[in-house]
Amino acid sequence: MDLDLTPEQEAFRSEARAWLAGHVPRAPLPSLETEEGFAEHRAWERTLHAGRWSAVDWPAAYGGRGCSFLEWLVFEEEYWAAGAPARVSQNGIGLLAPTLLGHGTEEQRARILPAMASGETVWAQAWSEPEAGSDLASLRSVAVRTAGGWLLSGQKTWSSRAAFADRAFGLFRSHAGAGRRPHEGLTCALFALDAEGVQVRPIGRLDGRPAFAEIFLDEVFVPDRDVVGTPGDGWRVAMSTAGSERGLALRSPGRYVAAARRLVALWRAAADPGDTALRDRVADAVVRARAYQLYGYACAAGGPRGAEPSLTKLFWSELDLALHETALDLLGPYGELAGPAGDAPAHGGWAEGYVFALAGPVYAGTNEIQRDIVAERLLGLPKGRRA
Amino acid sequence: MKFALDDEQLEFGRTLGRMLGAADTPSSVRAWARGDHGPGLAVWERLARAGVFGLAVPEAFGGAGPLPVEVAVAFTELGRYAVPGPAVETVAVSVLLARLAEAGRPVLAEAWLPRVCDGGARVTAALPGAPGGSPYALDADVCDGVFVAAGGPDDLFLATGHGPVQPSLDPARRLALPRCGAEPVAAGRAVREAARHAADWAAFAAAAQVLGVGLALLERTVGYVRQRKQFGVPVGAFQAVKHRLADVRVGLEFAGPLVYGAAVALAAGAPGARAEVAAAKAAASDAAYAAARAALQLHGAIGYTAEYDLSLWLGKARALRSAWGTPADCRARTLDLFS
Amino acid sequence: MDLDLTPEQEAFRSEARAWLAGHVPRAPLPSLETEEGFAEHRAWERTLHAGRWSAVDWPAAYGGRGCSFLEWLVFEEEYWAAGAPARVSQNGIGLLAPTLLGHGTEEQRARILPAMASGETVWAQAWSEPEAGSDLASLRSVAVRTAGGWLLSGQKTWSSRAAFADRAFGLFRSHAGAGRRPHEGLTCALFALDAEGVQVRPIGRLDGRPAFAEIFLDEVFVPDRDVVGTPGDGWRVAMSTAGSERGLALRSPGRYVAAARRLVALWRAAADPGDTALRDRVADAVVRARAYQLYGYACAAGGPRGAEPSLTKLFWSELDLALHETALDLLGPYGELAGPAGDAPAHGGWAEGYVFALAGPVYAGTNEIQRDIVAERLLGLPKGRRA
Amino acid sequence: MKFALDDEQLEFGRTLGRMLGAADTPSSVRAWARGDHGPGLAVWERLARAGVFGLAVPEAFGGAGPLPVEVAVAFTELGRYAVPGPAVETVAVSVLLARLAEAGRPVLAEAWLPRVCDGGARVTAALPGAPGGSPYALDADVCDGVFVAAGGPDDLFLATGHGPVQPSLDPARRLALPRCGAEPVAAGRAVREAARHAADWAAFAAAAQVLGVGLALLERTVGYVRQRKQFGVPVGAFQAVKHRLADVRVGLEFAGPLVYGAAVALAAGAPGARAEVAAAKAAASDAAYAAARAALQLHGAIGYTAEYDLSLWLGKARALRSAWGTPADCRARTLDLFS
C-alpha cells in the first residue's frame, strides 16, 4: 500500500503542470453563464484540446491520451491547482461521453467525441421535466417513430448550459403502452438546440445568470444515428450515466483540494489569528478534501470506484457547500459581494462558487434521493413509500 | 414582568403586515435591484407615514423613540415582506446622531433626524471601525445623507459621493464604497461611542429583519411542499422533509424571544444589552439561514431560479447573516450573557 | 413588554435564594440512581417540603404555595443556580400531579399529593411496554374488572425510578373489543410497587446504575379509588400528561441556565484562551439557554405555554446534550471519567449529566416522533405512514 | 501508486475478525470491567500469537515492524469486536522504546519489547506532556510495565504503583494515575521526541480502533432497525431512520481512507505524518461518535441499558473520541495537510 507515483506518472504530472503554467489564463475568465464568458470558455476548451488535455482518459483516437483513472485524478489535481477555468464541456465529457463509450456505436463515437473534446460542440443535458425532477421515471416527452428516425415533442427543463450550448441529449418516451412500468420504453436521443421545432428559453439562476434553460420540442426530427443504445432501452443507458453524474467523474477530488488550499490561505489572511472559532470549520473542510482525495486513490487502486456514486455525491456536494459557506463567513461583510464592479476586489470568486455549490445537493438526484439509495442498496434497509 | 407584546404593538405589526402584503413587494424588489427605485420608494413613503423611521429617533428630533420593541415588530415585518432599502442603516444613523446629541453635539441630529422620520431624507451608514461594521454603504445611490465613521472610528464624515454599485448575493442590496472629503462633520471619542451604539442597534434591527426573512421562507416552503408532488405524493409527506422543516420551526421559535430580549435590554439601556443583541443576531441569522437552506433544497430546481420569488428571501438570509456582525463575531460577545 | 420582576416577585426570589443557601447540601449527593443516593435524595425532598419549596405552584392545601408559573420559573432558576440536588420526586410532581389536578378526584388529591410533596411516596412512571415504546397506542397490559376495582396484569418496562420508588402510575387496556381503535379503552391506574403480584426487575442504564426497571404484574388488585379519570378514558388522561412530560414543566429553563454558567466557567478554566475553537460551541449553548429562559418568560406572560410541548422537548433535549458534549470535549482526557474513585477530582459531574442527557432525545416520546408532531400539527404537513 | 490493501493484509484482517468473532468478546469485556481479566487475557494471548503486538516493534527487538498499515488493519478489528485492554498503549510504548533505541539508548527496548511482542509482558503508558496525552494510564492494574513520560516530557519513569482505578464512560477502560519514584529510567530531549512519536502512533492506532467501533455500531443498528417494528412497520423503513444511517455510512466510508493515508505517511516517516494522523483521528472519532449517537437514538431505550451489548461500543466511541487527542485538538493540527 503506497501513495507514490511511478516515474512515468510523475513525468505525466510534471508535463501537465508545465503545460498548465504556460496556458492557463492569467485573469479569471468571465462567468461561463454569460454569453461572453461562454465563448471564452469554449475557446479555452480549444486550447486544452490542442494540448491534448481536454479528455485525458479517452482513447487517443478521439482526442484523449488513454490515461488511467489515477492519471486522470492527477491531471485534475494539477488542473484545479493551476486555477484553470471551469469546464464548459463538462456535461458532454462527464455524462454523454461515458454513455457513448458504453452504449454508442463506433460511428457515433468517431463523429461526436472529437468535436466534443475540442469545444466545437458543447452539449447540454436534457433530462428533467416540469413534473419529473427527482421522479425521473415519470417523464412525459415523447419520441414518435417516423421514417428513418424519431420525432421528439415535449418540454425539458433545468437543462444546464442549454442557454448557449449547441446540442443536447435526453430521454423520451418512445414505447408507451399498457402494462409497462414507468421507466420502461424510454429512448436516449441527441438533438441540436437550433434544430427546427426546438425553442430554448434561458432561466436565470439565483444570481440571474442563465445557467440553465427550458427546451420546448415540437416534432423535432432525430435520425436513427442520433439514438444512443437500443430504442426503448433509454433508462438503462441513462442510469449508467447517472453513476458518472453522481460519482467521482463529475466532481474530481482535485477540485476540492484546490478549494481547501484557497480556504486555508483565506483564513490566514482574513481571520484574526487570535480567534480560532472559524479555524475548526476550515480544518474540517481540509480534512474532508483530503479524505476525498485519498478515496479517489483507493478507487484508482480497484477499490469502490463507481460502485457507490450516491455516497460520493453526498460527500462532494456537502463538502463544496461547507467550503464556500466557510469562506463567506470568513469574508464577513465582503462575503455577500457577488462580483466586482469597477475596481473593487473580487474576493476570490467565492460568492459565485457559493451560488454554484448551493445547487449541488439538488441536481444529479437530490441528496434526499441519494440517502434513500444508500440506505436501501448499501445498508439493506426496507424500501418503502418515501412519505 | 410581562414579556409579551401589548395589544397596540400587536396591532402595529398586523397593520404593517397588511400594508406590505398588499404592496406587491416582490415587484418593488426586482425594480430596486435594477436601480429603478420608484416602486420601492412608494413603499418607503407608506412606512414613513406609519412612523417606522421615527421608532429609533428621540421625540426631541421628531421621532417617537427610542422604542426598540416597536423596532423589532416593524423590522420583522420588513423582513417578512423583503422590503428593499437601507432601513437597518436608517436606525443606525438615528442612534448615531441621537447619541452625538446626548454628548452635547445636537447639530447633525437637528438637521437630519426630523426629515428622516417623515421620509423627507433618506440616510445610510458605513461604520467600518465599529463591531460588525463594513466599509460599504447600502443604497448610497438613493440616499441624501451617507454617514461614514472612520478611524477608531473617531471621525464622522458625510460622504461626497460613492464608488460603483457592487452586486450582492441579495440583488436588492446595492453596496458602494462611500467617498469622503478631508473634513469630518464630527470627531473625537463621542463619535466612537456613538458609532458603537449605532452598530449595536443596527445588529438588533438586522436580527429582527432576518427573523422575518426566516419566517417567510418557512411559510413559503410549507406551502410549496404541501402541493408539489413527486412519486405520487406531496413532497411534504416525506418524513425527511417534515423533519427538516420541523427543525427550522424550532430554530425560529426560539430565536424570537432573543430578539425581544435584546429589545428590552436596549430599552433599559442595560450594560448587558450588547451581549443580548449579539445573541439575538447569531440565533436569528442561523435560524433564517437554516430556513433558507431548507427552502432551497425542498423547492428543488425552481427555488434556484431568479424569476421565482423565493430567491428574494434566499439572498437576503445569506446577506443579513454577514451584515452587522457574522454569527461567529456575535457568539464571541455572548459569553457574558449570564454574568 | 419588560423583564422586571415586581417587588413581591423579587422578594420571593430573595426568600428562595436565602433558604436554598442555608439548606442545599454542601457536597453533591451520591447519584439518585443508587440505593444510598435515592435515600439521601428522598431526605432532601423532606427538607424541601418542610420549607414548602417542594411544589411551589401547587395549592397551599397540598403543600404548595400557589405560585404563578412565573414564580415557579424564578424558583427553578434559584434552585439550579444553588447547585441543589436532582429531584427524585420529579415523575410524581411533574407528571402524576398535573394529571391528578386535571382529572383526579378531590379525595385522590388530598390523599396523594401531600405525601408526594414530602417524599414519603416516590412515584415511578409505568407507561412503556416491550412492544410499545414510541407506539404507545399498542399497549398490551390489561386491567380486568373485579369486585371494587381492577386486576392489572402484564409487563411494563423503562420505568424510571422504579428500582427504588414506592408506587407507580400507568396505562392498562381495560375495554378491548372489536371496532375499537388502539388508543381507546385504556385506563390510568395507580399501584404499589410492593403490592402482591408485582415484581420489579431493575435495569442498569449505560453506566450500570439502575435508573429504570421492568415491572411484571400478575392480577394486581387496584381499588376503584386508585383509578384516575374515567375507566377506559386513559388515553386522554395520559395525553394531557404527555404535554407536561415534554414541555417546560419537566425541564425548566433554570436548569440549563445554571448548566450554561458552569460550562462558561469550565471553558475559562480548562481551555487554552488562545484557542477559541470550542468557544463557539460554549457560546452557542449560552445563547440557547438564554433563548429557553426568555421563552419561559414569554410563556408566563400568556404566550405559547404548553401549547407546543413538542417544540420545547426538541429544544431542551438537544440543548442538554450539546451542553454536556461540549463539556466533555473541553475536559479532553478527563471527559471520560465517569465518577471519582479515591481522592480523584469529580470534574463537575459532567459525565453523569452526560449519561442522563443522552436519554433525553429518546424518552418522553422520541425526538423523531416530536418532529412528526411539529410538522403535522404546527406546520400542517400531511400525515402519512411514517415509513 | 497502489492505495489498497494487498491480499496478505486483507487475509490478516479476515483472520483476526474470525478469531475475535468466535471469542465472545462481550463477555470478556464485562469481566474486564469488573476487574476479572482472565477471559480478556485469553483473547490477548491469541492476539500475541497472531503477531498483533509486534506490528509496531522493529525486527531488532523481536517484532515485525514498524508496519503501520497492518496496525490499521488489526486495530480496526480490535475496535469492531470491542477488545478490552491497553492495545493502543502497547503501540505507544513500542514506538517510545524503539525511538529511544534509535537515539542510542537500546536498554529499555531490549529489556521489554521482545516480551511485549510474544505476550510475555503487558505494558501501558501515560504521556501527559505529549500532544493528546493524559496523566492517566489505561489498565495499569493488569500491566507489568507502566511507562510515564513527564515534564517536557523530558523524563521517562517506570511507575512503581498506581492510584485507585477510575470508572470511565467505557466500563472496559480502567484508568489510574501512576505513581512514580524519584529516578527516571531515561531523560533528556530524546525522551521528549520519542514521546511525541509515541503519541502520534497512539492517536493513529486509536483512530483505526474507533473506526472499527463505528463500523460495528452501524452494523448492529442496521440489523436492529430491520427487525424492530413500531407502528406496524420495521423502524428501518422510516425515512428519518434511513437518512440518519446513510449519513453515518458516508462518514465512516470517508474516514477509512484517512486512516490508511496516515498509515502510509507513518510508514514513509514523512514530515507531514502528524497532520495526516490528526486528520484520521478527527474524522474517525467524529464518524464513530455520529454512529454511536444514531445507534443509541434508533435503538431507543434498550440501547441505553448496560446489559445490552450495544453499550460496550457506545462507551468506547465516546472515550476514544477524547483519548490521544480530541477532534478539536486534532483539527488544529490539520491546516498544514496540503502545504
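All chains are identified by letter, namely A, B, C and D, in their written order; residue positions are counted from 1 within each chain.
In this section, a contact is a pair of C-beta atoms (placed from the backbone, for glycine too) under 8 Å apart; a residue touches a chain by one contact, two chains touch by 3 or more.
This structure is a prediction, so every number in the text was calculated from the model and none was measured.
**Q** More C-beta contacts across A-B or across B-D?
**A** A-B
**Q** Looking at C-alpha means, what's the farthest chain from subunit D?
**A** B
**Q** Centroid from C-alpha atoms only, then distance subunit C to subunit D, rounded to Å. What do you get?
**A** Subunit C and subunit D have C-alpha centres separated by 37 Å.
**Q** Return the distance between the CA-based centres of subunit B and subunit D, expressed in whole Å.
**A** The answer is 51 Å.
**Q** Do you know which subunit D residues sit against two or more other chains?
**A** 233-234, 237-241, 243, 328, 331-332
**Q** Among the residues of subunit C, pick out those that touch two or more other chains and give their numbers.
**A** Counting only residues that touch two or more other chains, subunit C contributes 275-277, 279-280, 368, 371, 382, 384-387.
**Q** Quick check on the complex: what are the subunit D residues that touch subunit C?
**A** Going by the criterion above, the answer is residues 132-136, 163-171, 173, 175, 177, 230-231, 233-234, 237-241, 296-297, 300-301, 304-307, 311, 314-315, 318-319, 321-323, 326-329, 331-332.
**Q** Under the definition above, what is the set of subunit C residues touching subunit A in their complex?
**A** 274-277, 279-280, 382, 384-385, 387
**Q** Quick check on the complex: what are the subunit C residues that touch subunit B?
**A** 1-6, 9, 70, 257, 260-261, 264, 267, 276, 279-280, 282-284, 286-292, 294-295, 297-298, 300-304, 308, 311, 314-315, 368, 370-372, 374-376, 378-384, 386-387
**Q** Which residues, counting only subunit C, touch subunit D once they are in their complex?
**A** By the definition above, subunit C touches subunit D via 128, 133-135, 157-158, 203-208, 212, 275, 277-278, 328-329, 331-344, 351, 354-355, 358-359, 361-363, 366-368, 371, 385-387.
**Q** Report the residues of subunit D in contact with subunit B in the complex, numbered from low to high.
**A** Answer in residue numbers: 238-240, 243.
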